[in-house]
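Next up, some structures in structure tokens.
Below, chain A partners chain B and then partners chain C, in two separate complexes.
Presenting the complex of A and B:
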């Protein structure tokens, strides 16, 4: 027994070893390393060796206008995209769920399809759609005599990014919500119909309460994902005009890989992490509640 | 009345499908237009169909090494998929099945890292890759990918659902742990492995931030970064840019058409823990 057991344990760890090496080298170590970095002033371009400054980077970020602008842009994006995507996805999922069993596969696939397109392609495409002079949207609007400054004016730029993001990301939440709707037993609806409840009452008294756990999960996941927005603004607006769409991840990217301020960039990414962690913990609780 | 309602819903869904598909169709249709038709938009379909844009991007490999980018993308995405399937399934098997001291705690630590947003690791991973001398090589994108916890989680949950007596019987018959993993667990896990494989491949194929950070010479680029380069260097030449976009999009779209059911089911499963 014991010999076989020990050899089992040995082989077991052998199975784990390759993953654990990678996990330690590219997740655990970077996590600690990054936290350490955030306490140093390290500006590669100045050739000065890294210098320990404690919470100096964090203080700098919290006292700097650009950081707050980037956080503000991120929050504006999150505040617009989450309700748009979740409501849109719910609406389409409800429509799909109302179709007879085993139909609607084409609609589902069509609406999901944009999510498999690379952000660089999607960004190029929509930058062209939004272009003021040669853009597709303004070409379509031209007969009406309307010309929209989609990405050239502050008050439009972020909304345009949101519009594009709805197209690009709606598929995932839609599929999850549809699967959630399918889990609601048919009998509930039948019973309610017999009792004379109309479609709207059925939605608010049956669908919504029973879908709540899935819906909350989708909302929280969407919030977490949206805080990490980068590709859309990087490709479509480049953070402009006047930095109105420069979100946190883009600012971190520029700080670390264009200005090579590695310590400062790390500190800002930890600040972003804290914001996201709040929502992650919330999500963790939701998942636990469901079990 | 019921019939009318159904028709209305179908009409709504059809409209939504058209709205979501049109931009994708425009990538393909526009790449077949001459530049003049793109700048002065004259309808979704080309008046004069042409392959000139494709000819031009494929004929000037010194300026636009698109073929190189395609090869890089294929190599990197395949290698990432292979690495993740191998390493994650081994780890998930050990964590789900083998009686190892400390495996519960280890599993919790691994799963907890699912909450860490990738961007927070971006700077330190860059420095580690630099130390390893792997910057500007495909390995910078391949090796760190194996560390992700998602695959371990997905496969772990799947392995738990496989009936145990099959494995026990094999062990009684003298099969080694590796034999059980290779000849029983893996074949039974084909659905989970293919879902993970497709997700991983598409995710790696479309990845933008990592190649942007880790690669800097043009001939090392993957398609998404190469295509993004287009936007800056050939800003006015939409036709060429969109032809490059087609090269980047077509393989992913093809994979989607073939594996659509797997992909959609997989997404639904990750959101709904059964």
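Presenting the complex of A and C:
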């Protein structure tokens, strides 16, 4: 019996091994290496050997305008994208759930399709859509006499990126929520109808409570993912106008791979990690209390 | 029971072996058979139409030189520079690689590239006097030249002939007449800019800003401005001439409204759509226009808008790995010289060769736009060659953008950028001091 158990454990780890090796080599080790790096002043361009400066990089980041601008842009993005995607996905999932299986399939595929497109392609496409003078959206709006400065005005640019991101990422959460909706037993609704509950009451008293675990999962994953936004802003606005959409990951990328300030870049990555960790812990606390 | 156990053991062993052999295989390069040929790896960032041109040249070279095998690898410029720099630091740079003259400094400083003076002056060399002086100077440091310039690509004036004719900007023979100075430029702006669809807003423009960097850099220099002090120890981006140049354009954009709010690269689409009279863009955009059959465009040198003629330019240059020797060095140089000797084929796709003898050839005179843009070579200006070029350009781009958009004054935009660049200089100097014990 014990032998069998040991061999079970052995095979468990054996099958985990390929992923474990990759995880250690490409995620865990770089992570630890980066933590060490963040304590050094290391400028590849200067030929000078790395120098230990303790928390100097962290101090520099916290005192730098660009860092706070980038963090602010990231927070603005998260604050706008998470409610938009979650509400949008929920509404569409509800609508699709109400449709018969056959016609629902087409819409499901259509809404999921953008998720498959690579960000470089989607980004280039939407940059053309958004172009103020010569773009597609403004060509459509021209008959109405409206000209939206999609990505040329600071107050519009981030909203446009959010709009594009909703289109690009809505499919994933929608599929998860739809699966969640399908699991809610039909009897509850029937019983509620017989008791005279309308559609709105049914939604708030049956759908929402039963969907909560799925919904919370979608929200948490969305927030974590949104903090790491990079591709959309990099492709569409390049961080502009006037750096108003330069998010933290882009700034880290530029610091580490354009300025070759590896220590400073690592320090900012760890600061971002701390921000995400704090948010995640708060959310998990919240979930556990509710449950 | 026993049987199943045995089977699972067997399967997992096979999986393990497969996995290990997969890992072991990662290190090896596959597909290249060993031969007695000298293999030259050649890296560059030519991923556009220029990539096809260079591939043709590489193939031709391989055919004509059976003892050498050039293996070319192309990557997007951004990715390319990262990869090349890291490979260079680790001593694994390719034998031959392309670097822009403006990015050269860090490759010299990191000792990735090798001086070429001995090769150029050697038996199979090239006359130094064949290079235009400022192009040859762009690859020089402390008396040594670190690359073989392949081409030079300045920005110049593309203009829409149809819009010029419609606006009546023509010479005696009725041919469109591109502007050559500030008055003619402003005249073209006011005549071409107008509201076509009658909604009260202009939708046809005399000129648009395309790439802020090349356009603004040109204008600052035309106004007589400087970016750095001659010793590169101080950034003077906020000098009076520079502020005046930025103001000149913000006035045209925001007060006179004859230039649309800048949109960087995307405005180039407007020129291709025939809604824009003039754009100052690189000779490398020519390929784009050639494919646009319905666009009647012309090419001319930039007009003199400020006091001093100037035009932004850069060069693709051919560099060699630091520690090349023997047959590899010989093969690498033969390949580089072949590219240089045949750079008219390269120029055909929208470049200007770096060598005077080729620029004076009949074939080059037949390349209309290239020939027009080449007239600016005496006064082309490269981006200041500092080791922190990428950081500097980030600040420069931001300053140009903020200045032109007019949310802050030209002084603020330029002086904040100058202060940031000076901080970078200070940091670099401190690090530099530490590296020299």
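Operating definition for what follows: the second predicted complex is superposed on the first by the 252 of 291 C-alpha atoms of A that agree within 3 Å, B and C clash if a C-alpha of one lies under 4 Å from a C-alpha of the other, contacts with A are read in each partner's own complex, and residues count from 1 in each chain.
The rule is simple: a contact is a pair of C-beta atoms (placed from the backbone, for glycine too) under 8 Å apart; a residue touches a chain by one contact, two chains touch by 3 or more.
Worth saying up front: this structure is predicted, and the values here are computed from it rather than measured.
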Partners on chain A (chain B, chain C) - clash or fit: clash
First, second, both or neither for A:20, with chain B first and chain C second: first
Partner chain in contact with A:30 - chain B first, chain C second, else both or neither: first
Touching partner for A:254 - first (chain B), second (chain C), both, neither: second
Partner chain(s) touched by A:231 [first = chain B, second = chain C, both, neither]: first
First (chain B), second (chain C), both or neither touched by A:243: second
Which of chain B and chain C A:191 touches, first, second, both or neither: neither
Chain B versus chain C as contact partner of A:45, first or second or both or neither: second
Which superposed partner A:154 touches (first chain B, second chain C, both, neither): second
In the superposition, chain B vs chain C on chain A residues touched: B
Touching partner for A:141 - first (chain B), second (chain C), both, neither: neither
Residue range of chain C overlapping chain B upon superposition on chain A, of 43-51, 61-69, 313-321 or 367-375: 43-51
Contact residues of chain A, present in both the chain B and the chain C interface: 11, 15, 18, 127-128, 134, 257
Chain B residues touching chain A - in the complex, by the definition given at the top: 5-6, 9-10, 12-14, 16-17, 19-21, 23-24, 26-27, 38-39, 41, 86-88, 90-91, 93-95, 98-101, 103, 106, 110, 113, 115-128, 143-144, 146-147, 149, 152, 176-178, 181, 202, 205-206, 208-209, 213, 223-225, 227-228, 230-231, 238, 241-242, 245, 248-249, 252-253, 255-256, 260, 263-264, 267-273
Chain A-touching residues of chain C, taken from the complex the two chains share: 5, 8, 12, 16, 19, 23, 82, 85, 89, 106, 109-110, 197, 199, 201, 203, 205, 208, 260-261, 263-264, 266-267, 269-270, 273, 275, 387-388, 390-391, 394, 398, 401-402, 405, 407, 427-428, 431-432, 434-435
Chain A - residues contacting chain B, complex: 5, 8-9, 11-13, 15-16, 18-20, 22-23, 25-31, 33-34, 37, 92, 95-96, 98-100, 104, 106-114, 116-129, 134, 136, 139-140, 167, 170-172, 175-176, 178-180, 183, 214, 217-218, 221, 224, 227-228, 230-231, 235, 249, 252-253, 256-257, 262, 265-266, 269-270, 272-273, 276-277, 280, 284, 287, 290-291
Touch list for chain A against partner chain C, complex: 7, 11, 14-15, 17-18, 21, 41, 43-49, 51, 127-128, 131-135, 142, 145, 147, 149, 152, 154, 238, 240-243, 254, 257-260
